[in-house]
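This report refers to the structure that appears directly beneath it.
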Amino acid sequence: MEEKEQAKTTANKGTEAARQIRSLVKNIYKSAHEAKAAGKKVAYFMVGSQYDEIVRAMDIVPLPTENYAGLCAAKRDMDRFLLKAEEDGYSQVLCSYARIGLGFDSLRKEMGGIPENSPDGGMPLPDMMLGSSAACDPRFKWYQATARYMEAPTYSIDIVAPPADDNLQEVRDYYIKYQKDQLQGLIAFLEAQTGKKMDKERLWETIRLGDKAWQLWYDIDRLRVAAPSPMPSQDHFSVMVAAYYYSGTQIAVDFYQRLYEEVKYKAENKIGVIPDEKYRVLYGGGLPPWHTLWIFNYFESFGAVCVIENMYRGYDPVEVPAHVQDPVEYLAWRTFLRLTQRHEQARARSGSPAVERLLEMIRDYAIDGVVFHACRSCRANTIGQVHTKNILGKFTNIPMIQLVSDMVDLRDYSEAQWKAQITAFIEALAGRRTAA
Amino acid sequence: MTASAQLDILYEQRGKRAKELRKTGKKVIGYFCCFVPEEIITALDMVPYRIQGSQSDPIDQADASLEPMTCPFARSCYNMALKGDYDFLDGLVATHSCDTIERMYPIWLHNKPSPFNHLINVPHMTGPSSAEFYRQELIYFIKKLEEWSGRKLDQEKLRDAIKLSNERRALLRGLYELRKADPPLVSGTEITKMLVAGMGIPTAEHIDLIQKFSAEVKERPRSGQQKWPRLFIWGNEIDDIAFIKLIEESGAHVVMDDLCTGSRFFWEDVPETPDPLEGIAVRYIRTHCPRSIDLQITDRRKDLENRYAYIKQYVQEWGVHGAVFYIVRYCDTCELEGPDLREYLNGMKLPVLMIEDDYSVSTIGQLRTRIQAFLEMIA
Amino acid sequence: MPFAGIDIGSTMTKVVIVDRDETVLSAIIGPTGVEHRHLALKVMQEAIAQSNLTIGQIDFIVATGYGRINVPFADKQVTEITCHARGIRALFPAARIIIDIGGQDSKGIKLDSEGKVANFIMNDKCAAGTGRFLEVIAETLGVPLADMGKISLTAKEYVKISNTCTVFAEHEVTSRLAEGAKIPEIIAGLHQSIAGRVVNMVRHLGIEKEVVVTGGGAKNIGLVKAIEDKVGSPVLVPPEPFLTGALGAALLGRSFIDRGLTPDHERRLESVTFFQ
C-alpha cells in the first residue's frame, strides 16, 4: 500500500542570503564526492570542535555527519536510517543524529554503496573520522561505534572548559596547555594520514578567515537589535552553515559579507520579516526542530517573530593575547576564551553563563518572551533548560515556554500539543501587552 | 554481631555511620563516580561518601529543576538531595564523568549546595597529556579542599591512604576469588551489600568488615546448592540488591561484574610512586569506563581487544556462561558501547541479554520475564 | 498421559490439555479479569471437565504468561517466550521467527534449526506496538476493534501516523480526520505504524523464514498484511493465535517428564494466590 503525500517541513526565510544556504549545503556533499574522486582526503567531522581551521589547512574535506542527519530530517527521509540503527541494537533514546549516521553507514555497508535516493547524494566513505568531546559524549563514542561499518581510522580530541564555579585564573594555564596538546595530537594524526606536514602559515591564514567569518556573524547579529526584526531565527538555523561547515574558507567570509549588507539594508530601512511585528521572541536554547522548521512561520502568523537565539553562534568574538605567536596555541587560547566568555560575570551574578547571555539578549533585543526546545535524545542541549528558566525567572518575568520533541526523530513530536502551547504563549504575551 | 548482620545494617541504613562520624566532628564528603580518588579525602582526615540513589523512592521533586530525559540514577540522587536526604554531607564532589552529571552539577549546586562543592573535570581521552591534565585538576581539587577545610594535605598521609585503599582493593579481590568456586561461596547479592556498605564508611572500617566477613564465609558450610548458570553483569551503578536478587532467585549465580559500583572501582591498585599524586592520576585515568576513549583507533579488531580483553579474562577465570548488560535508559555512553561489547562477547560464544531499564523497582516484573527467558534459553 | 498448559495473560487465560501424541484434548479461553485468582482456577476446571479428566490424572502442568508465578496447581512455570516457541514449532516446524502481538506487549522470538529459542526481544514498556494502541484508537474512531482489520483493507492508501506515544497518536488521528482523511486510510496507517515498530524490533534478531505471527494481533487481517509488507514476504498465522502459549506450555510438560523431572511440589486445585 502506498503512503499518502506529506506536508512540507521547511520554513519561509526572511533573508535572500538564507535562501542561498541550500546550495552551500548541497556543496558540502558534492565537494566530498568530488574529493574522493580526485583522491583527496575526506573526514567525518563534528561541528563546533574548534578544529575546523586545522582540517581546512590540511586540505581535508569535512563531512559533517550531524548536519547530514539534520538534512535527512528536513527532507523527512530519516526513518530508514533510524530504523536500521535500532535494528542493529542502538537504543531509541540515543542521540538521533548518531542513530541516523549509524543507520546510514550500516545501510551503506549492507548495500555495498550509497542507499538509493539518499538526500543530496548521500555521504561517501570517509578516509578518517575526527571525533571530539566538545559539547557532548556521543561525539566521540559515535565514531568509535561507526568503526564496525567501515575501515577508516578514528582520532578524537578533548575540548575542555572549566565549570562555571572554577576560578579561571587558577586553572587557565593548564587548560590551555592541555588544549594545545590535544590539538597538536590531531595535527600529528592528520599529517600521518595525508603524508603532508602542516604549513603554519596556511594555518594562520585559515584561522584569520575563520575569525573573520565569526566576527561578521557577530556583527550581523548586532544589527538584529533593530525593530522590526530584519532577520528571524529560522534564517539563523540556515546561515550557521557557513560558520559551522566552512570556517577557515573564503566562502564563509563572502557569505556573511553578503548577509551583513542585506541585514544592514533592512535594518536601516525598517524592512521587517513580517509587516506587522507585534512580539519579539528569543529562542533561548535547544537544537532546532529540523523536522518542522515551519513552526517559526506559525509563530509569525500571530505576529511573533523569533528575533535572536542563544544557539549556534554560541560565543562572541574573543581577543587572544598578542604574545601568542604559535597558531596552535592561538587556537587553544581561543577555545578557552570562547568557552569561558561569561564565566566571571556568572560568578558575580546569576551563577549561570547561559542566563547571563540570555539576560543581555533580552535587554538588547527588547524581548517579550522566550522559547526553549527540549529534545528527547539530546542531553547536551536539553539538560539545564528548566534550570535556566528558573534562574532567568528571578531576573525577569517575561513569559517562557519549553516545547518538547526531538531534533530529528518525528516520533516524539506532537503538532497538536505544540500548537496549543504556542497559542497559550501568545495569549500570555498579548496579556502583558494590554496590561502594560 | 556477625559480619553478615553488620552488612545488612550498613546496607539498609545508609548514611547512619557517616552521620555518627559527623557528630564526632568529622567532615563527610559526598562524591560520584570511580574517578574521584577517595584517598585524597581520607588523607585529609575526612570521610568519603559515595552518593547513591534510591530505587524505591519515586522521583517527585527533581522535575521542577531537572529534565526527565536524564540518567535516572543521577536524577534519583538529586531527588534525594532535594528531599534533604543528603543534608548530612559537608561536601559534594562531582566529576565530568558524563553529560548528565556534568550538567546536573550546577543545578544541584544551585538548589542544594553543600558547604563544599567542586566538579573535577576528568578528561575523556586517556593519553599522556590527558593524564597530566587530570593530575592538574586533582591539584586544583586538593587546593580547593585545603582552602575550605583549613587543612594541608600531608604527602605521608596520602601515601598511607593509598596503602590503605590498596589493602581494601586486595581484600575485595580476595572476596571475588571466592566466587570462582562452583557454586560460588559468596552470592552476588551479598557482594552488592558489601560494596554498598563500603560506600558510606571509612576505608579502615570497610577493611575490618571485609576481613570478618571473608573469615565467616570460609567457615560456613558449603550449601550443597545446585549448579546453576553462572552470569557476568556489565553496567554502571547498581546500588540496590533488587536486580541481582531477581537473577539469583530465578536460578542463576551472579559470579562476576564490570560495574562502576563493582570491580571497576577497585580492581587495580594505585602504584606507590614517590609522588603519590602521580600514581593516583595514572591509575584513576585508566579506569575501564565507556566514557573514556583512546585517542586513536586504527584497527577495530585491535580496538575491541584493547577495550575488552580484561572482560575476556573475567569470563574465562570465573567460568561464565552468559552476560547480562544492565544499561540505564538515557545513558548515551553505554547505549553506544553495548552493541560493541555484545559483538565481542558473542564472538567468544557467550550469550548476552541486553537490558535497558529505568533504575526503579517498578519494572521488576518485566525484568523477571526477560531474565527467566534468558536462563531458559542458555540452559 | 495427558499434559496441561495454562497461559495466564493480562486479558485472557488459556488452557490447553494434550495427550502424549500431542492431540489436543481440550482448549479453553476465558477472560482473566481483575479477579484473576478465581478465574484462572475456573478456566482450569472447565478445561479438565471438558476433557473428562481429574486434576490428578494430568502428568504435568506448566504455567506461563504474566500470571504464571505461584500457581498452586502448576508443577513448573516457564516464560511465554519459551512456551510460544514450543507451541509454534509444533504447528509450523519450519518456523524461525515468531512475532507475538499481545494486548499489552509484543515480542520477537528467534528459533534455531532445532526449534530452541536462540534469541528474543520484548517491548513491554510502551503501549504503541501492542493491542492496547489499537484499542485506544478504535475507540477514538468509534469503530469496533474486531472490524479494524477488514475496514483497513478497503483503503487504497494509508495516512502516515508518526507518533508512537498512544496519547499523541490520538491527537494526530483527530487532526488527520479534521483535515479530511478517511477512516480506512487512518486505520491502515495505524497498522503500518504498529507493524513498523514491531518488525523493526524483531529485526534485531535477524529475520529468517518462516515468519509466524501470533497473539491477539494475528487476528487482525489488516495488521498481518502490514507486517507482511514490512517483512517483505508472506507470514504464517496459526489457526488459534491465542492458544499457542498454552499449547507450548503443555508440550513442555511432556519434555520435562521425558527428562525425568517430576512435579516438585504438591499440587493444589485452589485459587491462584498472587502474581509477582
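Per-chain numbering from 1; labels A, B and C assigned in written order.
The rule is short, and it goes like this: contacts are C-beta pairs under 8 Å (C-beta built on N, C-alpha and C of every residue); 3 or more make two chains touch, one makes a residue touch a chain.
On a predicted model such as this, the values are computed, not experimentally measured, just so you know.
Here A-C and A-B are compared, and the pair linked by more C-beta contacts is A-B. Look at the CA centroids: the one farthest from the centroid of chain A belongs to C.
Separating the centre of chain B from that of chain C, both taken as means of CA atoms, is a distance of 40 Å.
In whole angstrom, the spacing between the mean C-alpha positions of chain A and chain C is 46. Chain geometry summary: the mean Cα position of chain A and that of chain B are 35 Å apart. In chain A, the residues that reach two or more other chains under the touch definition are 88-89. Put simply, chain A touches chain B in their complex at residues 88-91, 93-95, 98, 131, 133, 136-138, 140-142, 144-145, 147-148, 151, 153-158, 160, 162-166, 170-171, 174-175, 177-178, 181-182, 185, 189, 351-352, 374, 376-377, 379-380, 382-387, 390-391.
Contact residues on chain A toward chain C in their complex (touch as defined above): 1-4, 6, 83, 86-89, 410-417. Only residues 63-67, 69-70, 98-100, 102-107, 109-110, 117-119, 121, 123-125, 127, 129-130, 132-133, 136-137, 140, 143, 290-291, 293, 295-298, 300, 303, 327, 329-330, 332-333, 335-340, 342-343, 354, 356 of chain B touch chain A when the two sit together in their complex. Here chain B touches chain C in the complex through residues 363-366, 368-370, 372-373, 376-377, going by the rule given at the top. Those residues of chain C that touch chain A in the shared complex are 155-160, 162-165, 168, 171-172, 174-175, 181, 185, 188, 192, 196, 200-201, 203-204, 226, 229.
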